[in-house]
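Attaching a single structure in C-alpha cells format; questions to follow.
Read from first to last, the chains carry the letters A, B, C and D; within each, the first residue is number 1.
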C-alpha cells in the first residue's frame, strides 16, 4: 500500500529529494547469507547511472557514493553478508545548487509534474522537482544491485542486460541486439548502445539536440536470461503485470512492451505461436520468442524481454506557454542542468527494476511452492 | 500480496475456473451509501462482455447472471445500497462441456499458459485453462461496474469509455476516435468500433480469419474523462504504473501505452510539451494531451488515455509443433469454441480495469489528503 | 490493506452477513498439491463450531454445509487436490428469521457493535449485527481447516489444539491442561473442557446463567505443538504480533496472552528464563516454557501457547439503558437466540486463527530463507 | 507484507542495529501540510525514551539526536511542513562498545532472541542483539511523534498518554490512574508513574533488583482521549486487532489487554455492558468503559484504553544454563549495560505505537468514508 515501496517479499522503500541532504532506501526481506562488496556489486551500477559522465546527460555532478548502514555483517576484507534484516543504503547529495531553479518556482513546466504535485498536495517543493527528480532512481539502482545478487544466488547463470535501442526516429538494427548482443560494445559508448554505427549517428543527433537546448525521447530494452520457468502467478500477480508496473514507475516512461509488444495486434495466431520442440537434456526448446518469455503471466524459461519508451525531458530552452500558481498565463524556459535525452540513464534503472521484480518473484514462488 | 486481488483501498479478489460450478469475486473497501441496481449497473456491463453474442467471439453460451450475496441492503424496488462491508458477487457456470478439451489434456498449446502453469504448480487443470481462462474477466467486469458507481458518486461527471481501435493491420482513423467519439456507433456493431466504415471492413476481415480457423490480434483504447487532478503518487503508487499493471494483467495483453505511448521515443521536448493556458472558471486549459492525462504519475485533470495490445488467441485449427507433459514432440490443434479475436471482448474488461484503478486512487487520495 | 482479509502469502478473505443468503471465503496462496476431503478435513471443524448443538450455545440452527467452488481438482473418490489457485468456500445460510431482531432495529445494544457501525458507516444492517455477527467465524474455521492441511504437509507432526480454560470465575486446574491434556475429555462435553469435574461445574453454572437470560465471559487456550523453530520475524512481522492480531480479531475478544502473559509483569529475570540443555538428537531441551514458544518474535520449537479472553455477549434479557438512532434515551432487551457463553464456540475459531497464522508464516519463512 | 514496516496508509519502516553506524526510519503516506519542530515535537519524545537517564535503565549513553533527511519544507525558523512525500528520520549511534558482548558471542541467552534468530537466519549478529535490541524502538518513538502531529491535526483535542502501572507485584492503586490522572506526577519520577507513593516504593524495589543484578517485569497502560467514533473495521481491520499487533510487536511484551482485558472472562453480560444515556450536545454519554473505547473493532468515542505486560530482561548476572552454537551445554551471565526493568522505557514506545495505529486508522477511515 505504501506509495514509496516496491515489491512484496523482496521490498524496496526509497526516500529523499534531489535538493535535500541525502537520498536513500531500505531493502526489506532480503534472504540471509547473500554476500556482496560495495564497490563491485553496488557502486559499479550506480556509476553507470551517475550524471555528469558525458555531455549528453545532466551536468549535475554527484559522486553517488553509497553507504551500507544496516542489515549486513562486514568482514575485514569488506565483504558484506546479509543477515536477513533490513538493509539501509544512504547516498549523500553533494551538488544541489538550488538557485538554478529560482525562476521556475512559481510556474508549472508543461509536461512536468509541477502542476499535478501542486494539485495533489496543495504545496510543492520546486527545487529540482522534489520526489519527481530522476535522482530518486539512484536508489532503485542501488536496491536493484542487491536484487541481482539474490537472483545470482537463487538462480545461477541468470543475467540481466539492458541497452538503448532508439533515440528519436533512429532505431538500432534488430540484428545488433537480442541474442547476438555482447558486452563488447554496450559499455564503450555514451549511450549503452550495442551497435557501433548507431552510436556514432546518435552522437551527431544528440549534439544537435543539446546545442538547440532541446530534448528527445528514447526506447530501452531489458533482457533477463536464464530465469527459471514458473515465476509469476495467473491473475493479478502476473510477472508481466509487475514488470509493466515497475517500468512504468520510472520517470518519463509512457509505454511498456513484453516480447512483441504493440506489434501483436497485427499478428495471426499462427505467426504468434512460439512452437516447442523437445530439446537437449529434456528441456523444451522454443523456436521463437514472440511472448518475451512470459505465458499466462508466468515465466517460460525463455529470455524475458521488456521494452519501454521514455519521453523527452520537459526542461528545454524554447519558451513554452503555461500558467503560474495563481492560474495566470505566462511563459517558461528551463535553464537548469538537464539531460538532452533522459532515456540514456534509464538503461541501468530499467535493469534494476527488472532485478527487483525477479528477486521478489523468486521469493514469492519459493514461498508458495517450495521450489 | 495476494495473487488474486487487485487494488488497495478499493480491492477486488476473484476466484473460479471456467469449468467449475461458478466464478465470483469479493469487493472490499467499498464506501458505504453507494446505490446500484443489478440489471442496469452490473448486468449491462456483463452482457457486453458475454460470449456467444456474435460469430466473432467464442460460441460458449453463458448467461453470466450475477447474484449479490453480501455487503448491501436491498430495498423493495431492488435498489442495493452498499454498507461498507465486503460485496460478494457470484456467477454460475452453465456451459462447461469439458469434453471439448479432452484432446489437449496432455500437450501444451504453444503461446498458451499450459506449459508455464505446469512448471509453476507441478500440476494443471487442463479444462478450459483453469484460471487462465478469459472467463475470469467476467468478475473484473462485475467488480468494475461497482467501481464505476463509486467514481460517479465521488467525481460527478466522470465517464469511462473504451473502443477497439485496431484489428490486425487495420486501424481506425484517429479522427473517428478520441474527443469526437460518440456512443451512437460503438454499441451498434460487433466490435465496439466507433467508426462505421471500419466496422464493415473488420466484418470481412474477421470472417476470413474465422473460416480459416485462425485468430488475430487487436488494440484497445480506454479513456476516462472528467477525472479530478491529483490522483496517483510520485513513485511506486503512480497512477500510470497502476494502470499498466491493471491492463497488463488482462489475458493476452502484451503492451500498455499511456497518452502517446511508444511514439514518445520519437518526439522532441517541444513537440511533447502540453502547453497550458488559463481557461474559463480559472481552470487550466491544456492545448494538447500527449501525456494522456498523467504527469509525474498524477492525474492532471485532462482525459486519461490508455491503450493496450491483445495477442491473437493460441487456440487455432492449424497444427502447431509442441511437446507433451512427458517432454516428447507432438503436434496440436485446438478445436474448442474460441474467439477469432479475443481483443473484442477485452474492451469492457479494459473499461472495468480503468474503473477499478480510479476508484482505488480516489479513495487513497482522499485518505492521504482529505480531498 | 484489505479490511476483510487476513494473512499475507496464505491469505483468507471472508464475506457475508448472518442474514443474507450465504457466507463464504476465498483462500489465496495455498500451495499446490495439498490434499483434503471435505467431510473429514473441513466439515468436521465446522461441526465443532456449529450453533444449536447444546443448550449453552445459540439455538439458531445452521447446517453449515461447506461447498468447494474453485481451486482444486476433485478425484472420483472425493479427494480434493489444491491447484495453487484461489479456493472459494461457500456456506448457505438456512435459518435467518430476521424478524427476531425487529425490536432492536432502532436502538443500540450496549457493548455491541450497533453504535460504532452506525457511526462509521452512517447506516447499518441491524439484522443479526451484519458483519459483526459471530457467523463470520464459520469462514475462519473453514479456512483454518485448509491451513491445517498445509501445516501438516510442511511440518509433519504439527498439531493444534484448543480448550476452554475459564468460564466466569471458575478456571480449570492448570494440571489438567497443557502437556497432560488429552483429547479423551475435550470432545465429550459441551465446553471443549479438558477436565471432567470442571465440565460438570460449568454445566451447573451455565444453566443458571442461561435461565436468568444472562451471559458470562470465558478464556480459551490454544496450543500448537511440533512447530519448527524460525517462524516469524524480528520487528513488525513477529509471530506473536500476528497471533495477537489474529486472536483479537475474533468477536468479543478483549485480551491476548502469549506464554505467561500478563503474569510476566510479576516475574524476575531468573524466574522467567527458560533454561536450555542439550537434548537427545542434538535438539535443545528447554526446561520451562514461560515464553510460550516465541522468543524475539520467532518460534523456538517449543509449544506455542496463546490464551485469550472473550467477554459475555451483550444480548441479555435484563433491560439496559441506551439510546436510539435519534439520540434519545431508551431501554433495550435482546430476545434473539443467543449464546449464554460465546466463549465456548470461540475454541474452534481460535484453533483456526492459530492455523492461519502458522500456515502464512511457514510460507513466508520458506520464501525468505528457503527452509 | 514487509517485515519491518507497520501500518497501511500511514506507514513506518524502520532499519538499523544497535551496533551499526545509525538507525532510522521512513514514514510514508503522511498527509501534506502537517507542521512540526524537531525539538518540541520529536526530540522531546525521544528524550523520554533515551537510555542513561536514571540508574534504573541501561547505562548506555546515546544522544539520540534525530535528523530529518526528506519529506518536508523547512522554513527559516526551523518549522518543518510535510510535503506528502516520505519522511526519512536518521539517528546516529554514538555508544556501541561492542566488546561488552564478546563473552556471549557463541552462547544463547535463555529467554532472549539469540537462539531463534540463529535458527531462522542461520547466522546472527550477536552484538547487542542485532535487530532485537530495544534500540529499534527509538525509531518507533520518532515515527510516533509525527503520527501525533497528524492526529492533532485531524482530530483536534486528541491526546495520548501512558504510564507504568505495575512493577513486579506492586501495582498502582487504580484511583491514581485513568480519568483522574494528571501530568503533574508522571514526568517527575524515574518511572512514568502517576502516583507519588508508588514511585517511592518502586525506587526501593528496583534498587534491590538492580544491586542483585536481576531484573523484573512491568505493566504499562496507554490511553487515547478524544478520538472520534468510527475508526477501525469489522473483521480483520479491527482497531483493537491492530493495537494488539502494535503493542505485541514491542520488545519483551507478552500480553495485550483492551479495556477490562483478561478480566472480562469473569464478568456477566449485565456487569460488562457500558450503558448509554443521551448526553449534552446530543453526544452519547457512556456510563462506564469496560470496552476500552472499542466495540466490534470500531472506536466508540470513549477513551481508548490499552494495557500490556513486559517481561523482565533476560540479561542478568545470575548464571543460567544454556547451550552454545554447537549445541553443547554451558552457562551464561550477561554483563552488558542493561535495564533492570525494561518496562520503564516501554511507556513512550507504547504511546508511539498507539499514535501510529490511530494515525493510520484516521486516514483509512477518511479514505473509505470521506469523514
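Assume a residue touches a chain if its C-beta (ideal position, glycine included) is under 8 Å from a C-beta of that chain, and two chains touch if they have at least 3 such contacts.
Every value quoted in this text rests on a predicted model; they were computed, and no experiment measured them.
Common partners of subunit B and subunit C, by the touch rule above, are A, D. In this entry, A-C is the pair from A-C, C-D or B-C that repeats the interface of B-D, since more than half of their contact pairs coincide by residue number. Note on interfaces A-C and A-D: more C-beta pairs are in contact across A-D. In whole angstrom, the spacing between the mean C-alpha positions of subunit A and subunit B is 27. Rounded to whole angstrom, the centroid-to-centroid distance between subunit A and subunit C, based on C-alpha atoms, equals 46 Å. Subunit A and subunit D, compared by their mean Cα positions, are separated by 39 Å. Annotation for subunit C: residues 1-5, 8-9, 14, 29, 32, 84-85, 120-122, 130-131, 234, 369 touch two or more other chains. Contact residues of subunit B toward subunit C in the complex are 1-5, 8-9, 11, 13-17, 20-24, 26, 28-29, 32-33, 67, 69-71, 73, 81, 83-88, 120-125, 130-131. Subunit A makes touch with subunit C in their complex at residues 1, 9, 29, 31-32, 84-85, 154, 234, 363-364, 366-370. Across the complex, subunit B is touched by residues 1-6, 8, 14, 108, 110-113, 115-117, 119-122, 129-132, 136, 166-169, 209, 214-219, 229-238, 240-249, 251, 254-270, 272-278, 282, 284, 287, 290-292, 294-301, 309-316, 318, 320-323, 327-329, 343, 365, 369 of subunit A.
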